[in-house]
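One chain, chain A, links the two complexes that follow: it is found with chain B in the first and with chain C in the second.
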Partner chain A sequence: MKKLINSADSVVTDALRGLAAAHPDLRVDVKNQFVARASGPRRGKVGLVSGGGSGHEPLHAGFVGYGMLDAACPGEIFTSPVPDQVIAASSAVDGGAGVLHVVKNYTGDVLNFGMAAELCADEGVEVATVVVDDDVAVRDSLYTAGRRGTGATVFVEKIAGAAAEAGAPLAEVRRVAEEVNSRSRSFGVALSACTTPAAGVPTFELGDDEVELGIGIHGEPGRTRSAMRGARELVRVAMDALHEDMPLDGDVLVMVNGMGGTPLIELYVAFAEVAAYLEEKGATLSRNLVGDYITSLDMQGFSVTACLLTPELTRLWDAPVQTPALRWGR
Partner chain B sequence: MKKLINSADSVVTDALRGLAAAHPDLRVDVKNQFVARASGPRRGKVGLVSGGGSGHEPLHAGFVGYGMLDAACPGEIFTSPVPDQVIAASSAVDGGAGVLHVVKNYTGDVLNFGMAAELCADEGVEVATVVVDDDVAVRDSLYTAGRRGTGATVFVEKIAGAAAEAGAPLAEVRRVAEEVNSRSRSFGVALSACTTPAAGVPTFELGDDEVELGIGIHGEPGRTRSAMRGARELVRVAMDALHEDMPLDGDVLVMVNGMGGTPLIELYVAFAEVAAYLEEKGATLSRNLVGDYITSLDMQGFSVTACLLTPELTRLWDAPVQTPALRWGR
Partner chain C sequence: MAGPDDRARDTGGTGNADGMSDTNGAGGAHEANAANGTTRAGTTRGLNGAGGTTGTGGLDAALFAAWAEEIAAAVRADRDRLTALDSAIGDADHGANLDRGFTAVAEALAGGRPDTPGALLSLVGNTLIRKVGGASGPLYGMAFREAGKALGDAPAVSLADLDEALAAGLAGIRKLGSATEGDKTMVDALAPALRALTQAVQEGQDPAEAVGAAAEAALAGAQATIPMQARKGRASYLGPRSVGHEDPGAASTALIVRALHAAVSRTAGAPGETSRRAPEGPA
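This part shows the complex of A and B:
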């Protein structure tokens, strides 16, 4: 195992130091392990806080900035942030209008954000929570009761972030976030396993001509293992899984996401097949992202996330955003 | 070897179809194999055309758009574009003020762009050329007489693109491009080899605890092979190589670039070390990029590119840019 790190113990804090050096418009609190906007909370604006295990970069810290998150709490690699991180971040970004926690549906995350929310309430910070559970691959999994939260998190953070930026109150920001989640579905395919710095060996074994269909973002098992196939066939498996769960029609926002080790040229090959699939189903490819947005360290593979847009969601998607990993419109 | 492709023969054209589907503001000519701005040439504006082998995405097609390239010509994987592509692209973007070719210093690229430039002149399109040769690792290499062109290409395309957008004439755009190249240095480190779709096996062998110092972007040999080390030591090797060739002082633009298979969290770990190195040398980390900008398929590793800024170059760097892979300021 070769990793561009100093030590497995320091990888998260070392990366936070790098983030601080690269992005002066972020306030990186290495000690309390959270990342916020350097500009501080805006009075009367709902704060958006997310977080989760590290190893999925640019999620979440890469999405802190104007029009998206106010703060992110990175846990250790593939490990939930602790409540203290979430409390510190929530307090730091509260502008008096409350804070929305965007939580991916993993047992540890839900538990720790839940504890943090209670303690925030004790301190006078109003917290609402949206739990993202878009992954159609499996009903329960190693770390999850119910569906896992994956790619839709990016959509929720962008769209709810735009609503908060526009001045929507907490209940409304939560409603929008829940609507995005309820209209989004994801499915992932692994061509290789990933290796955590601490373990030093791949999280699972995958044969030279095998793929894992429905992979989780920590390498947890999907629906089935199958023989390696071409991009067209793999994309069809993923898109069929989405379409069977939520018929794809109307205006669709699609993300073809790389798992971290997949060359960008291959993601565009996959995106061409996604576009062809949507055309075949009569859906309109309205907006898209192609690239690495929610990764699994060095895993090779991809996921597809689709969201059925409404005029309101489209407008919020198009609103300006200025973060390290997503930016347009200003 | 597992790749998310339909076939080794169709990977470039399949990816171009994906690019077309993802970016309606690009005109993707799959038949003539070039990518241009959908808005067409602007009368009186110098056109910027680049290109080179595919497998380095987002370079070059990901940099087509306002404030940067007018067109890109992707060759087959790790293979120079043919003159016909370059001629078609140059003709398509000529707004009557001439066209600058941005060429990385590889024998095939220099030859084919040179032939294209002569044929363009015959057709009445004035062409100037800048050859990028920033890689300090080796003097000559497998595919190069003189230094290889690598990360500085991104800086040249951004900064010369801004000059062209601002209305500078061809000679001036070329001067700026050459200034950026002359003030930039790069050095790359491979933790793993890459695998081309056609070959199906790694381009070279690298032991489990070895790294290649001074790697080329096609996997061509660097200065030396060494034992694997921590991020701090690897970054120091790279930064020392830059600093010995061009003392790093004043305002520096730095890119920490992933080779394609490197997790973003590791690039930020490396960037923290780059920032510490510059501070030690008394240089000012003025602007930066951290991410995958000039890749080598699935290779794991990184490169560092530094450019000694001037007030003019800083202003042009900060100018608005709107491309798939680089965007800010509007």
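This part shows the complex of A and C:
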């Protein structure tokens, strides 16, 4: 498998150097491995820190900037960051009003952010945490590590980021973040596996006539393997899974997300089916994103995330944002 | 997958000489001698505290440093096997992550070796927490840190102390990961290893024998994860599809316990060993 890299060991650091060169309004701390706003912390504003394994770009560093994250901690490919990174980032962005950690529900992320939060408290930085767990493909929560955090992470970072920018206190920012998570659901489908730079071969084998249903974002296989079908049928599988878990009703924010190797034209083909599905259910397609926002390296496939909006959430979604990967209204 | 699994079985706790030399490079021939002769009198020389070179406790910081080095070498040698296991039910990074972590441990030890077993294991734990990430970083890091804490600041410790320290390490993993036996995790290798070690201590076996039994039990425990359905960690997302694969965390735990056996066998081995360690002690 060909990769546009210098070496598998340096890919994360090399990409951070590129990010720094491309975005002067970001401060990239290569030594401590975090990305923050170059403008520094704002006195009295809650800081938002997220992070996770690399390979999901633009998540998370692409969402650092006005109206969204204050800092992101990229780990190695598909590996959560270490506590030192999170502590350094949290200390760097604390404006005295505390810091919210946005954590995707994966064992490694939860453990490393948890350790970091304890140590931040020792250093006098108040930390609250929201754990995002929106993936309906994982059902049996008692017998699993619980639902995975996937697409809703983008919504949580945007909406909680807007609340923090507007001056909401830490408890309020956390409440908004938890509300977004509780009102959001995701489901992913893979047409091909992805290839990590270190492994050099696809993480699983998928035939030309097969798809994986219920994938996460780390190249792991999904819940079931199924026959390849057209976009209409595949979108229906995903939307049925969402609708069954959380009836789609009222104003809905929808993201059709590419997994990294899916042409945009195919995402629009999928989005047309999503729009038709919502109309069929009598829900209103109120806001949307179509594109690559939380990816799995070079995987072909897509995920759908739906959030049942409230007037407050809609207002916060519409608030200005200026980051490398999401920007409007400013 | 059959090939690497078979190799793991061959190199397991029985102290098979070929297997040991296979993964441990230059130290191999030395261990081969020791492993083949675990029952001979020579093993008591350095480690049972009967006039040994390391003080009354028996197991000193040098032994624990040797353990860390053995782990680093074994992880490096088995990096691809661990990653292959992780590809099947995880995210294909376990070998790379542990390699990065234990390489950092080896570098930290090269920069200055703590004087006591407790401080040494704490250094190992803290380094893993800082360098590995993922779930295995905090879990192994916590295990070594808790084990180090349990050993206190004694300059050398007994086999029974080691047994207690590993129990503290296991408790740390259980607490952090909320895993129990049967969840298809590293606990499934470490818990039986500890039971075997505890029993061997009670029976008064010498260190190399006792740790050899633990290594064997860890390997059997790792193999026993193959038919299990994962209930913790990323493999749990696969549900029934996780059945039929060895858990990578259990596999690396077996490797870590095997490395302990290699280290104990090495330092308990030929008389030449004491002279090799001599310059490091007080003159």
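The rule is simple: the second predicted complex is superposed on the first by the 324 of 330 C-alpha atoms of A that agree within 3 Å, B and C clash if a C-alpha of one lies under 4 Å from a C-alpha of the other, contacts with A are read in each partner's own complex, and residues count from 1 in each chain.
Please note the rule applied: a residue touches a chain if its C-beta (ideal position, glycine included) is under 8 Å from a C-beta of that chain, and two chains touch if they have at least 3 such contacts.
This structure is a prediction, so every number in the text was calculated from the model and none was measured.
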Inset, instruction - Would you mind checking which one, chain B or chain C, touches more residues on chain A? - result: B
Legend entry - Which of chain B and chain C A:70 touches, first, second, both or neither: neither
Inset, instruction - Examine A:29 and indicate which partner it touches, taking first as chain B and second as chain C; both and neither are also allowed. - result: neither
Inset, instruction - Considering only the touch criterion stated at the top, classify A:165 as touching first (chain B), second (chain C), both, or neither. - result: neither
Inset, instruction - Identify the partner contact of A:94: answer first if only chain B is touched, second if only chain C is, both if each is, neither if none is. - result: neither
Inset, instruction - Report for A:133: first if it touches chain B alone, second if chain C alone, otherwise both or neither. - result: neither
Inset, instruction - Could you say whether A:115 touches chain B, chain C, both of them, or neither, answering first, second, both or neither? - result: second
Inset, instruction - In the overlay, answer first, second, both or neither for which of chain B and chain C A:14 touches. - result: first
Inset, instruction - Identify the partner contact of A:54: answer first if only chain B is touched, second if only chain C is, both if each is, neither if none is. - result: first
Inset, instruction - Would you pull the chain B residues touching chain A in the complex into a rising list? - result: 2-7, 11-12, 14-19, 21-22, 54-55, 57-58, 62, 191-192, 208-209, 211, 228, 230-232, 234, 260-275, 285, 288, 290, 292, 295, 297-298, 300-302, 322, 327-330
Legend entry - Of all residues in chain C, those that touch chain A in their complex: 83, 87, 89-93, 96-97, 100, 129-139, 176-177, 229-234, 236-239, 241
Legend entry - Contact footprint of chain C on chain A as seen in their complex: 53, 75-84, 106-108, 111-112, 115, 137-138, 140, 143-145, 148, 196, 198-199, 203-204, 216, 218-221, 223
